[in-house]
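Paired with chain B in one complex and with chain C in the other, chain A is shared by the two complexes that follow.
Moving on to the complex of A and B:
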């Protein structure tokens, strides 16, 4: 936990700077709207456009005070189906399950890509093509399709999250599996190691750092996938469902609060990946903590000598 | 076997009457690019010898070592290792190979790195640790078993890699410029340590280098190789007394042999190649 506190300081500084820049921007955006409201004689508890700028019912940009109030309204009660915590938990569940599913599929694809050129050549273009289809287009169709087989609720959203997340994982892990240098592969050959042993003792462990880098990219992608899936299908729970509802109700402040909350959720989920990474790669944890020694020059070898 | 204290005292450099552990006959290697890496190489190595392959880049010394290790196949000619072809020899784990870089696995501790070949070769779990610890003691790293590779200096990393190559007790040790990336002082220390190791274990060592003093100091015989095409120019016996010490480098014979090597390299145009 000592590693989190040094990160918190810089984060707060950035938050303060953003807030300082946001304030004048908010006035700039809201004053014309406030003037218009005053001109039309709307019942406002304020006299000047400047005063009203922070109190509009649907502001162009919400004031920090409005955001804070909206945040308090939407956070509690914690277990309310209309509050953020429960819905964020559902979205987080979809995202994490989606990511694990993506890891499973991505790993198999990665092994395929590394083990067989034919696999790479025949399937990779289709995989790339699959990633260019917008989630918003494919999500409703997938939900209908899965609904045919009784798969409902959060599971289709997890599958859609996985659909987006598996690609960076497959590519990242494939790169990791290919990362051992030729000398290390020669070394395994001198031991007469079989293919399985080379994967188990060299390629898999070498791919772990790549896997986690891919996880960080994939986690944010999966979160977006889950939210978009919630928005574009019939949902009863989740951040996306809240966004859709409040969009229909034109509640600008709530939209902002939910958006910021999902950003916080993203930060927490990526932090979860970082934390897991430190747990499973103790050799790197030590490396980060101390100043590393200059790395030994790797001599590439083929005909040298 | 591993620690059999049969010392390599005074191995006569011309001890070819003993059964050759390595036999190279008319071996050539042409790469797909057309480069003739090695042409008509002939070499017999007796059990317990310390052979250095020396020459400039492109003379085929690493190629020859990789051929012996069955990491590449020769274009023509025959190689026998303890009477077997290189592939059989590799499969029966006849040799340990030390590369230019330590090639340690960064996710394994020092001890676990030395245990790697034993895991691949399915040694009983209980034996692995004991063997690895013994080997690390042999290279003087018994206090670093729990460290990760990056926590060690380059010289220490290379010692771990030597311990790893010896862990499964092969008869032969192939070393491809193992100290090439190290500074002069570390290198001289490791040379002494390597000789002690050689004496204590009775292994046959084939050592690639492009340092003349290193070759003279370590070897029982020096195989001088020259480029374009890569070939064995001559084989020079080194009859310096054993065991060798720091003072060995001061002997007049030391300089004599070094000069002999230098002249053989010049004769084969070994000096015309710039690296």
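Moving on to the complex of A and C:
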């Protein structure tokens, strides 16, 4: 806990500044829209543009009161198929399964890239290219194809999530496998270590920090993939389904609420990766505790003087 | 110390190429005899196609070894081009053998002919999506990202107050942001540029900051003992140290920018753009046009990624990972 406390003050200050700026910004953005709504002569419960700014049906920026109401409507009851908790859980499941699939594929490609230049030459350009293919285009095809073999529901979405997420893992792990110092590699050669031993004892341990950095990026990517897959295919559950429904219904406040809750979901999932990292690599934490980053890296005067 | 591999014997080289040609021959022969057929092929023929694919793949794996040490990028690209060719020809043969309906997966030959028929429309779409939306957003996002990282690494208050938020923000799914932003900014290209800028901003900030601060304490002490000013410290130590990290973020950013622009168009576009085209045509089961648009997007994405990778090699050729 003591490690977090120096951040808490500045973080709160920044949060307060942002919150304090939100009200004037909200009025600034909404008053023209409110004025237009008043000018059309619609029967509104408010008289002036200033009052209407917080009660618009589709506000540019929703007022805190509107957000709170929307949040209450979408959050409860907890087990309703139209509320956020159940849908978020489905999306989270798709994301995590997708990430695990992606880790398998990513490791395979990373080892291929590092072990064989021929593999890199023949496949790396297409690994990169696979990322520029908008998943939304292949998602419906993939779902129909898998449906023919009886694979339905959340599994196709997990596969699409894996399709997006394997790229950061492959690139990150490849970088990590290449990261050992040439001196260390020479040392392994001096010990007459074979390829397998070099990987097991030098390259894999060296790639672990890179792996978890890649996992954090990949987790977000997988979440994006899962949501996109839900939007672009027929789905009955998930954050993406709620997003598509409310986007069609032009329910702006609900869209904001869903956006904020999917943000929370993303943060929780990345926190899961962080927690796993601490569990799996305790020596990293020990290193951080022994040599606190700020001291060695800051442009500080107190040491130099 | 570069170990020169001994030249493989000519007979081995010929054997490798023979494998490749044999595999291709099998696949092409099947496509030729099945060009105008409309019923599925027999099991033996399907087996033949898979056999041809395996032969060609094995051929590539062996042929590629001859290209490992070429520095010429065009010749070095040969294995990748062969891989693409094998995949395309195999897909064509399999789709014809199994008679998959074109409304589900169109054959590559059909996609190519459609591509030439609609290329003008697709080029206009690509201009809107890539130049206006992705490139503008990418430049703004990366520029602001690097500047923010410089400020954050300099001022402790900002590091403590802003960086936690940047880390948090980079774990937010952008697709959820897209519909809100499109509603807020409007359906023209600006809203997509904003989406792209936000998408690439956070990875750039986090990576650049790491590069700027993960400096070896020894080098920092050396700078201090030379009485280097802060500007000099940044110019000669921190920025060079950060370059590999920045380029990592820039490379990931290219694909993020393309996806951001295309996904953004799904939630509202002004009648142009690759994402808009893909969505409209996918809804009408016009998957040949969808794949044509995908080809355009991929070609541009590859070119863009390689441009950044080339810049990286020019600017950070001294780094360990290139040795």
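Basically, the second predicted complex is superposed on the first by the 274 of 305 C-alpha atoms of A that agree within 3 Å, B and C clash if a C-alpha of one lies under 4 Å from a C-alpha of the other, contacts with A are read in each partner's own complex, and residues count from 1 in each chain.
As a working rule, a contact is a pair of C-beta atoms (placed from the backbone, for glycine too) under 8 Å apart; a residue touches a chain by one contact, two chains touch by 3 or more.
Bear in mind the structure is a predicted one, so any value in this text is a computation, not a measurement.
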Partner chain(s) touched by A:56 [first = chain B, second = chain C, both, neither]: neither
Partner chain in contact with A:269 - chain B first, chain C second, else both or neither: second
First (chain B), second (chain C), both or neither touched by A:181: both
Chain B versus chain C as contact partner of A:220, first or second or both or neither: second
Which superposed partner A:283 touches (first chain B, second chain C, both, neither): first
Chain B versus chain C as contact partner of A:202, first or second or both or neither: first
Which superposed partner A:239 touches (first chain B, second chain C, both, neither): second
Greater residue coverage of chain A in the superposed arrangement, chain B or chain C: C
Which of chain B and chain C A:247 touches, first, second, both or neither: second
Touching partner for A:26 - first (chain B), second (chain C), both, neither: neither
Set of chain A residues, in rising order, touched by both chain B and chain C: 181, 293, 296-299, 304
Interface residues, chain A side, partner chain C - complex: 6-7, 9-11, 13-14, 29, 58, 60-61, 117-119, 121-126, 128-129, 131-137, 140-141, 144-145, 167-168, 171, 175, 178-179, 181-182, 216-217, 219-220, 223-224, 227-228, 231-232, 239-240, 243, 247, 250, 252, 255-256, 258-259, 262-263, 265-267, 269-270, 293-294, 296-299, 304
Touch list for chain B against partner chain A, complex: 31, 35, 37, 55, 57-63, 69, 71, 90-91, 93, 95-97, 99-103, 105-108, 116-117, 119-121, 148, 150-151, 153-154, 157, 176-177, 180-181, 208, 210
Touch list for chain C against partner chain A, complex: 60-61, 64-65, 67-69, 76-77, 79-80, 82-84, 104-105, 153-154, 156-158, 160-162, 164-165, 168, 170-177, 179-180, 183-184, 203, 213-215, 217, 220, 224, 230, 233, 248, 251-252, 255, 258-259, 262-263, 266-267, 274-275, 278-279, 282, 287, 290-291, 293-294, 297-298, 300-302, 305, 320-321, 323
Touch list for chain A against partner chain B, complex: 181, 183-184, 186-193, 197, 201-202, 205-206, 208, 281, 283, 286-287, 290, 292-293, 295-299, 301, 303-305
